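Every chain is named by a letter (A, B, C and D) in the order it is written, and numbering of its residues begins at 1.
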Amino acid sequence: MAYFTSRTELIVEWGHCDPAGIVFNGRFFEYFDLGTWLRFEVALGVKRSEIAAVFGIVGYPVVDTKARFITPVKFGDKIEIASIVKEFRRSSFDVEHRISNQGQIAVEGHETRVWAGRSPDDPKQLKSRPIPADVIARFSRT
Amino acid sequence: MAYFTSRTELIVEWGHCDPAGIVFNGRFFEYFDLGTWLRFEVALGVKRSEIAAVFGIVGYPVVDTKARFITPVKFGDKIEIASIVKEFRRSSFDVEHRISNQGQIAVEGHETRVWAGRSPDDPKQLKSRPIPADVIARFSRT
Amino acid sequence: MAYFTSRTELIVEWGHCDPAGIVFNGRFFEYFDLGTWLRFEVALGVKRSEIAAVFGIVGYPVVDTKARFITPVKFGDKIEIASIVKEFRRSSFDVEHRISNQGQIAVEGHETRVWAGRSPDDPKQLKSRPIPADVIARFSRT
Amino acid sequence: MAYFTSRTELIVEWGHCDPAGIVFNGRFFEYFDLGTWLRFEVALGVKRSEIAAVFGIVGYPVVDTKARFITPVKFGDKIEIASIVKEFRRSSFDVEHRISNQGQIAVEGHETRVWAGRSPDDPKQLKSRPIPADVIARFSRT
């Protein structure tokens, strides 16, 4: 099963960069997050702010993530974030992100996320839920 | 009516600083927020994570804020945040923050916040509520 | 003297929002910063990452800022940031920002910034410099 | 060779948490960063803000990182960050972080960092440098 890739561009802001003049590593996880929301919005055809309500979840929190920083990204750089779901499992899924800077790969990222709702036993806790087949199907179409 | 001041110290982190080597201005509003939560925690005798539940509110969002940056604050500086409620009104209040760096005033901040719950008409909206007299009374004691 | 306004749009990210579901107040100062860089980039005709080098400065740090939060901004909202320099003085200037959400004003912001280079006496310190007349002139043209 | 662990505590701030009420994943990389600086400060006996100047580097940027989120961390939680260098190589090293929440492991993190200075050919570029033997030796003592 091959899925589709979402792409978006952004300009690196001053407040994203540290005293070494490069993007602080934690900020890239905001970029990955943005990539994942966009990928879901496009695949599901639902605005990102409505996804939780439409599918009866709280969200899809990250349970595992990693990143490899290949070339530095600096203030003012126009980067592209390309995001693709690589695999769906029962209640979790993997997203891969590639950040390009002037056509060269700058950062590779990976997230494992869980499709999560409120726990029926304790609404303050999150609990994984099976990903609806219809959700998965939409990723193979768009 | 004179209220009390809460004080806390923190060390400025690398990721809080920008390419000019100084704290990015937006980060100071995190420091102010931290000062306000501490002030309430101490005055109310309730853990900050329990305040919303105990008092039946969502929180006290900022509706007006300002800051004056007097001397630069840099990576690794140990700063003190001193926070005091200056005035309570029916459903809003003013907090003043002074950030000191090695004994010198570095930043002055001001927040106006609203005591807010969910709107009865639309639970997705916030709505101001009267601040309980007991809440205000505790600020004159601690 | 009337100056021009720069406008840009962005979608509010998940990581910009707090547990009340609205943008954390400190994040708006990142949006203001972005507005100021864009305004300078357009007026000066120089990429934001080159402005410091081209004009021999470190940047234009904020010395005074304020914001008024009129209506809440939430995850996924598409907002417009409109930024205009209101006044240039010898070595400082004022920028005003208006953030609109679905056509309604949501946040008003104000920054006073200083045109700053390294101090000749101590390169670790920043020092204000006179704003070149040519810089100011470009703001009345674009 | 066994090295030492640095430990520090912090309280999770409101602005670190997302609309699901848990720490936004990117923020944990700020916590890891803080752990690494502390580990170096203690081992080297040099204030974190002086390390770059004392050792003639720009810093030790992260080239590879990962995190596993085991249990949620929420607003107001008092967490402990335990950080240890696991291995030094010629010009890079590995740091492991364990974040505990009320005595339970909540997050495991890993960073590979490079000991980096300015490139002699292009001072705007960073370039890896051999880690001084004396630096490594201090980690086995403290």
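Here, a contact is a pair of C-beta atoms (placed from the backbone, for glycine too) under 8 Å apart; a residue touches a chain by one contact, two chains touch by 3 or more.
Keep in mind that what you see is a predicted model, and the values were worked out from it rather than measured.
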Most remote chain, CA-based centroid, reference being chain A: B
Higher-contact pair (C-beta pairs counted), A-B versus A-D: A-D
Intercentroid distance (Cα basis), chain B paired with chain A, Å: 32
For chain A paired with chain C, centre-to-centre distance based on mean C-alpha positions, whole Å: 28
Averaged-CA centre spacing for the pair chain D and chain A, given as whole angstrom: 24
Chain B, residues touching no fewer than two other chains: 14-15, 19-21, 24, 26, 29-30, 33, 59, 75
Chain D contact footprint on chain C (complex, rising order): 14-15, 17-21, 24, 26, 75
Residue ranges of chain D touching chain B (in the complex, touch as defined): 11, 13-15, 29-30, 33-34, 37, 47-50, 59, 74-77
Chain D contact footprint on chain A (complex, rising order): 19-22, 24-30, 33, 58-59, 61-69, 72, 124-126
